[in-house]
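What follows is subunit A paired twice: with subunit B in the first complex and subunit C in the second.
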Partner chain A sequence: MPEWAITVLFLLMNGLIWGLIIALIALGLTLIFGVMGIVNMAHGDLYMLGAVLAFYLLPVSGSFWIALIAVPLITAVIAGPVERFILRPYEGHPAVTMIATVGISFILQQIALATYGGIPKKIADPVDFSFTVLGVSYPGYRLLVAAIAILIIVGIYLFLYRTNYGILIRASIQDRQMASAMGINVSSVLVTTFIIGSVLAAIAGVLAAPISQVFYLMGNDVGLLSFIVVIVGGLGSLGGTLIAALTLCSLEGVLASVLSPTQAKAAIFVVMIFVLMVRPRGLFGEREG
Partner chain B sequence: MLVRLEEIHTYYGKSHILQGVSLEVGKGEIVGLLGRNGVGKTTTLNTVMGWIKPRSGRLIFKDTDYTSFPSHKIARMGIGYVPQGRHLFPKMTVLENLKTGMLYTAGDDGLDRVFDLFPNLKERLDQKAGSLSGGEQQAVAISRAILKDPDILLLDEPTTGLMPLFVNSLLEIVRRLNEQGMTILLVEEKVPFVLSLSHRIYFMVKGRVEYECRKEDLVGREDIFVKYLGVHP
Partner chain C sequence: MQRERVYRYFALGFLVLLAVLGLVLPTGARSLMIQIMIFGIFAMGYDVCLGYTAQCSLGHSLFFGSGAYACVLSVMHLKAGLLTALAISVGTGFVLAALLGPICVRLSEAYFVIVTAIIAAVFHLLAMDLVWLTGGDDGLCFSIPSLKLGFGDLSLYKPLANYYFVLFFMALTYFVLARILHAPLGKIFVAIRENPKRALFLGYNVTRYKLIAFVVSGMVAALAGGLYALTLRYCSADYMGFYWSVLPVVWCLIGGQGTLVGSWIGVALMSLFQYYVSAWFTYYLLLFGVLVLIILSVSRKGILGYIASRVR
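And now, the complex of A and B:
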């Protein structure tokens, strides 16, 4: 196989793995939007929070895997009150909740800057095995990340489509008022959904920490990319979000072999504009009414 | 009395919709609510269900004042609702829609009761609710509500958009439900449908109950229909 083909293959592989991480974040974003109608501008910062918490927990617990379990729990403890006391009072006012999440984003970033500092740091790979494909050594941790992300995505799917609580959430997405008339406590569904969405972003942060650098602004780019993924996939569409995440990230990965990283990012915007011109509601978005 | 509304005043913004509605529904009754368009019939049901909070007045269910209760609590208390337009969860399957009625009740035996009333639903369980015909959608909406095993069922314009054949079978189904002990508060434009089913009838005019009587009292009283509805029955 020619060298360029091998390079493209590995870039594609990296893109797909990165796509799975982005899918976790974007699924949380679209779930929160679908149930609550909230455009969460702080979502990328929850990803950053996950990575920073993992950085702090690693020396304390001594195990990356303990951090992977503890960080979602800590995030849940933070996300619950945020929804209940900051976002809930402005329910039904999308512009206000959006501005509130911008405020939450600033607060999270500044807390991280004040405690963690402004210098990017790296977490060591939690597993040190690698394998050789086509004569190139590839880190095993990345495949582990892909496996964990797939497991979580399948878990989320099964939770939403095969459990009674999933029915509660989907009913609340489709008709909140009727859901309440069926006895569903929509208020508790809102908190739970916000927690699930936030936890997904934080888990993505923990998984990405050994791959990318941990930095208090690391959520900005990722947050933006997640928004593009959700818009291209179709707001509120879980399947669309997954497909858009994998497609856009692998495309960005492959384009990075011929373009500069900045140009590759710009190309993703071009794809988004093109998709919106052809399908204004995204690839899998549905018409209203 | 199972449900009682005492001097209910409900507003949409500044619009004063219900202007002191008082009515009651006894256990085992079918009570009809008649009135011209826009007099507040649907708002009355929405208020009973807790979708709109009255600004004043009291809502009583089995001697409990539930005026301030959230609607999910009202639903769990024993009030079932089949609203106007059905409000199905269109992207969920028929079975999933039915399951929303079974979330807080024990056992799956309610499904047999539903299939007994609507045998066709058995073949539609995996179909998306939004793709069903009007009659089938109404069947799902009623089934979903009765699966909760409520003490009272609120039915808002159940015949809207239905073919005449299905209107007749719906009439029989509502009657059967009542015979099985279900109390029903019915809002319906089709006067003969209401007259066939109801034990008592309330006539609403401009957000108020203006007249109340037993069905028998309406025999030969065409003037009442003309006065309150502007139509001959």
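And now, the complex of A and C:
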């Protein structure tokens, strides 16, 4: 194989793995929007929270895997009350929830800045093997990330489509009032969904921490990308979000070989504008009733 | 019509107060007032979008920042005069809003907020990247020419001249916007805000009127950006940052959306808050976030909206 083909192949692979991480974040975003109409601007900061917590837990626990279990639990404890006591009154008004979550986003970022500091830091790869494909050595941790992300996505799918609680969540997405009338405890469904969405973002943060740098503003870039993904895939559509995340991120990965990172992002943005011009509700978004 | 009268008296009183304050205030406080007036222009423009047609845009920093850049770059490279530079600012705001508006305004509420935020964020990234043009994060410093009036020159380096220059534009913007909003066009905006479906049934092209509001608002934001750059003699990519998109929302929420001038109260309070709090508390944005949550939970009518609703 010629040199450039190998380069493109590896960029594609990096893009796909990054796409899986973005997919985790964007799935949480779209799930939260679908069930309670919250546009969560703080979602990128939950990702940052996951990475920062992992940074603190690693020296204490000594194992990356303990951090991977503990961080979601901590995030759940934080996210539950936020939904119940802060965001509940605004649900169903996307613009208002967006402003409220901007407030939460500022709070999270400043707390991280005050405690963690403003300097980017790195976490060492938790697994130390790499293998050689086509004459290029590839870090094994990235494949592990991909495997974990795929496992989680499959798990979410099974949870939503094969369990009783998943049926409750999907019923609340379709028609919240009717679900409530049928005796579903919608309040608990809402809290649970918000926690699931937030935990997904935090897990993505833990997984991404060794690959990218841990920084208190790291959520901004990722938040932007996952919002583009959600818009292209269609707000509230889980399948569309997954497809859009993988496509856009591998596209960005390949484009990064010829363009600067910002230009690659601008190219993704142009794709989004085109999609919006043709389909104002995204590729797989549902029509307004 | 009682409410409209409250707003009008408030606006005139505020403008007269500003005109008097300009003469008596010390220099430091005066420069704070200049900032408040410029943000007041920005806030009025934003209220046309948020308060009158219920389009909550999170992308107005794009217009503010590009207005500032249009002004700076035209002074630096085209050797334009002050008024020409400001006209170019407003023109840039018009072009950007007219290009991006058609894509945004037909989207549903959630898509609109997200897409405007994404657009501003991408342009912010581009402005950071194109250092040769924008100076990136460091920004551009420039010196401004003096304003040539019929009877002589006016240098904006004099604080007093700068103050009344900005006040003139604030009053001008207020009267133009108030005229537009009292005209049938403004009534259609309100009809669309109250019930877009019914407005559509009455035969109004809702998308077109939303676009008009969006463009007007973008032009005013660009004017504010231009004035801000002129006042500080400085402009950086930071003006397109997300913070500048959130500020106008907060101003309008505090002061009262849909009142045009209520946002001035929000601007004044927030500017004083920022001025004093950021001096002793490094993590000022933390309090800003808490404040946003408090404002939302207390009332979304705003201060002037509350006062006007008590006047019967």
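Worth a mention:
Operating definition for what follows: the second predicted complex is superposed on the first by the 287 of 289 C-alpha atoms of A that agree within 3 Å, B and C clash if a C-alpha of one lies under 4 Å from a C-alpha of the other, contacts with A are read in each partner's own complex, and residues count from 1 in each chain.
One rule holds in what follows: a contact is a pair of C-beta atoms (placed from the backbone, for glycine too) under 8 Å apart; a residue touches a chain by one contact, two chains touch by 3 or more.
Please read all numbers here as calculations on a predicted model, not as lab measurements.
Touch criterion met: A:Ala181 reaches subunit B, while subunit C stays clear of it. In the superposition on chain A, A:Ile107 contacts subunit C only, with no contact to subunit B. With both structures placed on the common chain, the touch criterion links A:Ile66 to neither subunit B nor subunit C.
Contacts of A:Ile148 after superposition on the shared chain: neither subunit B nor subunit C is touched. Within the superposed three-chain arrangement, the count of touched residues of subunit A is higher for C, of the candidates subunit B and subunit C. In the superposed model, A:Ala171 makes contact with subunit B only, not with subunit C. Of the two partner chains placed around the shared chain by superposition, neither subunit B nor subunit C is touched by A:Val8. The touching residues of subunit C, when paired with subunit A in their complex, are 56, 58, 103, 106-111, 113-115, 117-119, 121-122, 125-126, 128-129, 242, 246, 249-250, 253, 282-283, 285-286, 288-293, 296-297, 300. Touching subunit C in their complex are the following residues of subunit A: 33, 37, 39, 41, 86, 89-90, 93-96, 98-100, 102-107, 109-111, 113-114, 220, 224, 227-228, 230-231, 235, 260, 262-263, 265-266, 269, 272-273, 276-277, 280-282, 288. On the side of subunit A, the complex with subunit B involves touching residues 164, 167-168, 170-171, 174-175, 177-187.
Looking at the complex, you find that subunit B touches subunit A at residues 49-51, 70-72, 75-76, 81, 83, 87-92, 96, 99-101, 103-104, 144, 148.
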